[in-house]
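In structure tokens below, several structures.
Here come two complexes built around subunit A, the first alongside subunit B, the second alongside subunit C.
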Partner chain A sequence: MVLKIFFPQCCNRAESGLLVGRWISGHDSAVVLAVIHYPFIPGQVKQYIQQMQAQSGVELTVLGSWSLPKEGQESMESFLRDLSTIFPQQRWLQVSRQMGKMGFICEVVNRNQNGQETQQEAKKQNEEEEEKVIFVHYEQRKVMLSQLHPTESGDPDPNTEPSSELKQVFQTVARSQPLFFLDRYDDGPLKSTHWQSEGREASIIVELLKQASVPLCMLISWLLALWTWICNIRIFSLYPLRFLSSKLSTCVQISYRTEHMRTLSSPKPAAGHKQFMRKGNILVSFLVDVGLGILLMSWLYRDDHIATLANMLMPAADHVAKELEELLQWLMGAPAGLKMNRALDQVLGRFFLYHIHLWISYIHLMSPFIEGILWYGGLSVCLGLTFALSLLSDMVALLTFHIYCFYVYGARLYCLKIYGLSSLWRLFRGKKWNVLRQRVDSCSYDVDQLFIGTLLFTILLFLLPTTALYYLVFTLLRLVVVLFQGILHLSVDFINSFPLFAMGLRIFRPYRLAEGVKFQVLCDEPGTALHLLMEINPLKCSTVVQTYRTPTYSCYPRDSWAALVKKLFVGELIYPWRHKSTKAD
Partner chain B sequence: MGPDGAPGPAVPWRKVLWERQPFPDNYVDQRFLEELRRNEGIRQYRYWAVVKEAGFVGQQLSCVAIFITLWLYMEQSLLPPETLLWSSLICALLGYGLHQALTSRVESCGEPRTHLADLQSAAIFLSFTFGFSPVLKTLTESVSTDTVYAMSALMLLAHLVSFPYAQPSPPGSLSLNAALFASVCLASRLPGALHTFAMLSCALLVFALWPCLLQTLRENAPVHFTGVCMGVCIGGIVGLGSQTLGGAVLLTLALASVTLLCPFLLVRLQRHKDNIHGPWDEAEIREDLSRFLH
Partner chain C sequence: MEDEAFTDISGKPISLDCQSHSSFCREFIISSPKVSMGKVMVYTCSVWLLAYAVFFFTQNTAVLSGAILVTLVGMMLHIHFVKVDHESLLVIGSLGIQVSSSYASGREITTFIEMSKIKDIVINEAIYMHQIIYYLCVLLKDPSEPDAVSSVVPLFQVRMSISQEPV
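Let's look at the complex of A and B:
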């Protein structure tokens, strides 16, 4: 039977008095929160404790007595023992310390049902029937501010007790904040020793910010309401616009940021640790994003960079078109010595060349407006670096739209051919696909069917290399574009979801996010109890990132490699990146 | 204990296992293997009958040889495509008339094909072939000649192997398709689109329509059937011989071995046949169960 007493470090040198704290139910331990000094009136102490219990919701009791006699003071042993009759308890702790010695001596007085006292002393550790006492010293401020992980998900009922002892200790100290507001310089009926804050005067900036945040939140929520009303106007819910806005990543990013702002601007303070961290992360990442965006903007608008970019864009588009034309000419010849069917080759090549010609005319039509568009578009970069990246991704998608079209044509043609070939191959062998049974069955065909089937099979088979080559080339081009867009989206995602606030907290105040505790032996003298120092183990950085990641429309590959290769082989259209829609939290 | 062992006890042994007998379970008496029968239901082949049947196989081989001959003539531009087209048309009409004449004698049960349906089929064939022949002509342009010859040879071999010799009238899918594939490969090597069209029509005639006629001949005029087979064989040898003498010799050897040597071997080896039957065979239902259907 080991009794653990959690003792605050600030009370190590306190003057004699009463120990106030809480017994941990279910475990043999007690948490000492404060020491109330002499002289005191017991009635006032009881009143104070009840008041504190109502305010904080923690079951505070008087645990026992503490005596640290100064020079010249007699020991007050008998007086302290008599106190136990004033504050009736199941167990009464009498802790005493000598000046100059490190260890404490603790006597536990148990009161059984009949009211008789039995007394046991803690002596040496190898006597087994007697109760041993361990003093665990903790730093009150750190434990008060710390949050033990893994936290429960959702809002736990504040009345249910967590089962782990450590969690109860942390929770007790954290919730006893009203107890710690009693200042030692106050002129009140009670004097106590516990952790003291430095005073409200030192954190005046924080107080000012807190006061200013309320009207700011109201302003932001009003702006958001206006913006949402604009977005919900009927004209914007027409099908083409809605489809377009779901595909453009800029619109997605805007809606995402609106969601964030809505979380931030709610006037209620954060309920629970997770909400608080979420708000902190959102705020910090938003500020960093905007900061980077403003940096980028200042670079763009300086030295006429926008005009340079606009002037570079037209030749770049022309260059891409010319490269594509050369590629098609090469395909129309005899590429890599492959056996292409000349007629089909010419047809396909001319078809695609005509498309490129159309595209280039369109771009040339738009060229006078490019600089204006870039200039105004650059203004929106001040909303954040993520916007700049989304805009870039959208512009790349628009500029390479013709590659996407070619890819779709090539893929559809190839898919049709593969499908026809597989069906006609079954006809060649005299078999047929049974749709009902989902298997291949034999079938007796007519002469006409056989004849036409064989002709078509031969034609499709010999035209396969040509189509396959065009498909391959355009698929590769499309994959390059998709890869580039994917990188942009991944970086946007990273900026959105990385928990900067939590990482900052972990680096600068590691005790705030605790994974567990570690104990260090302070004093192990015979004749006194064992003294341990409890230090907080901070959470690992990887766990921080994993726990506090903001859920985003995370962008990850939809198919495994095997499924992707199979889709490419059959000719199905591939959209490799899947966007998870934002889940309501 | 076996059949030659010492005489057993007075109780005779019965071939049952549900009764306790004083014999061990694996005891057999001298009636062992009494019910063994050898070579039951074996057919005795007669040489000339088998030769007559094997003639059909030789006939098909010669058909293929004739087709190749025609192709060789067309490739060397010795045979103009119009001639081939007209002669194919005339042969087709003659064959159709013969077919109708032979089948009208026999009252066939089931729905006969009307003339309109036949005309429709013919129209589909011709239009498709004519429409696709420019495309078909360019199919093997970039493929090397050796590959084309190898593919065609393989496909014609597959055609010969999978041909339904027992019942050629509904044509087997694989054999017909293989023959058509080979003919498309060969036809695409010819100099013009009309050549391709002519070749394909000829292929259709030889591989798809000729076996139907043969089937009706076999059913209705078996005497003439043998004569026709022999005629085709001789025609094949002569045709091939006019182009390559070596080919003709090869064809003669092949025909001789298929029609004369193989039946001889079959009859000779028949006497070495040794099948055993007995009550341990799988049961075969010999009864006609169709009376349960009504």
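Let's look at the complex of A and C:
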């Protein structure tokens, strides 16, 4: 079996001392975490290690000894061997290095049950009995901060060990944080070397932000409590308002942001990597959203853009109404050379024209208030760009309400006609739809039933082109509006769910999100063990987006293309975008 | 195993290099021939001649700049994403297998497969057009079922087949 020793790069030049770390059971490997230097008192070392074990939950032991003799210092071979008696272990590693040489030399001292030593030297003639050692060098700070993917979902039991060796190594280093507080520059009884000895400073801004976050969280949770109390007032629970608020995308977006704020404002620190990333992503996308919203707002309120927009709105609505009227006049004549049924044509055309007239009067009634509404509505844009887009989508829906109404009328009429035709077609052939058995059965009709049925069938059949044409025209208009709204919803969804924090972490600190590791063979000199350098292989950008996407009310097509075409053909009302609610399980 | 003449599926010559770092650590490197200048010149000249011909008829200078841009971008994409310089397989006893491919622009893609995830390494055969090729692949264990095979990872993705030519 090959013995693997994970050795931190910061300890390559450490002075002689004791190696502290952990044996990984089942894989014949050891992780070295720190080196404790001479002079030390063995009792204090044992006490320190027990204290660290209690604080961190990692099974720390003294693995062996490390010797890097300086010039003029005689080698402490016998002293090091005697140390193994003070710290009784199953295996004792004696790692030594000469200054100027790259390779390490490792001797493994095995103890069997009786406490007797059976020593195996690294150099032996009989190669089969030689214990082979691999030194894997890792950068301690990066491995400590890194998170191996795929992470376990849910709450993993901290006592069960993952079967993967690398995961255990990463977990060991990450959980040994209490060990890295004291280093050799401190005035304690023990002097140790680990990654902190390289003199890494913390950022003062991050510390200040951490201090400031607690009162901020309390303020946000108080505001949220107030807002929830307002929303729960009885008067808002009446049926029409509730139905309306579930249809308007602005209200949906508000409720969604409230959920986010609730996640952010909990004063407890994040329990685990996924929670931490979720909070980070929510915070960063919220800040970017508000930033873009304020930018938009500053553009809107400068140079009187609001007044320009309001003045453009009325003529635009008038123009749309005029175009619709022309379209209807065209349909009432001979559209594209088709011959319509005169009477039905006139009825439908006049009905729709009257509808448009009503709508335009209503818009003209509202016109003096438009600028005021836009001005105050524009203030709410400071809550975020997503609000602006949802407001725009709602305004488009309200302004094109007449198109929606026309579509519903046309579709219902067409649908009735199609059903009537199919039922009478069955009568034509002498069959009937059996509702009980959900199938088509043969049936004998009376003569007068057949007569009336045939008459009705003929009438419906000859009126079909007219209705079909109106249906086609209004469905196309409706589809255009739906497409535009869909684009707006998709962009809102994108802003909500894109994990900006995770992407930023992947670009600027790629070692924090690790997909795996990669090894590189360092120079191997004959007679020494094999040395490998372990580097962190960062996650691919597409995997980052996939793993850390904030779940939203994702707006995706409800039906496949085939089902959509079928619905259009039959005349069922289509609502192509489906909103999924985000109820966390 | 040095310097026998190997060819890959398309008939281009490749070379195999074995390094043994230790008794339980070996590295196998397969290198392809580099980008040949003749081919690059032929492609560039043909694209530019075509662009000049179109320019001659339409007198639109945007065609020329478009052709230059297309050539440059195409070359950059080719050496960054398509042209594999060498692929290597590093086998470390009781640690795992590392597969890495490095492209002509210097980009390296590395995957490390741990020993605990490997079920077996086999030679699999596949039918490619009119011939049967043999390729090495690693069988991975399924985490929930230790006996089942979860995925098959072919080694040396640039399809190489070792077919010896009579030297």
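Everything that follows uses one rule, which is that the second predicted complex is superposed on the first by the 571 of 585 C-alpha atoms of A that agree within 3 Å, B and C clash if a C-alpha of one lies under 4 Å from a C-alpha of the other, contacts with A are read in each partner's own complex, and residues count from 1 in each chain.
We take it that a residue touches a chain if its C-beta (ideal position, glycine included) is under 8 Å from a C-beta of that chain, and two chains touch if they have at least 3 such contacts.
Everything numeric in this text was worked out from a predicted model, so none of it was measured.
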By the touch definition at the top of the document, which applies to A:537: first (subunit B), second (subunit C), both, or neither? second
Which superposed partner A:563 touches (first subunit B, second subunit C, both, neither): neither
After superposition on the shared chain, which partner residues are touched by A:163: those of subunit B (first), subunit C (second), both, or neither? second
On the A-aligned overlay, A:358 touches which partner chain: subunit B = first, subunit C = second, or both, or neither? neither
Looking at A:516 after the superposition, I want to know if it touches subunit B, subunit C, both of them or none. Which is it: first, second, both, neither? second
Would you sort A:573 into first (subunit B), second (subunit C), both or neither based on which partner it touches? neither
Which of subunit B and subunit C A:476 touches, first, second, both or neither: neither
Interface with subunit A, subunit B side, in the complex: residues 121, 124-125, 128-129, 132, 135-136, 138-143, 170-174, 176-177, 180-181, 184-185, 204, 208
Which subunit A residues qualify as touching subunit B in the complex? 334, 339-343, 427-430, 444-445, 447-448, 450-455, 457-459, 462-463
Per the touch rule, the subunit A residues reaching subunit C in their complex are 1-2, 4, 28, 127, 132, 134, 136, 163-166, 516-519, 521, 524, 530, 532, 537
Given the complex, residues on subunit C that touch subunit A span 21-25, 27, 90, 92-95, 98, 100, 110-112, 114-117
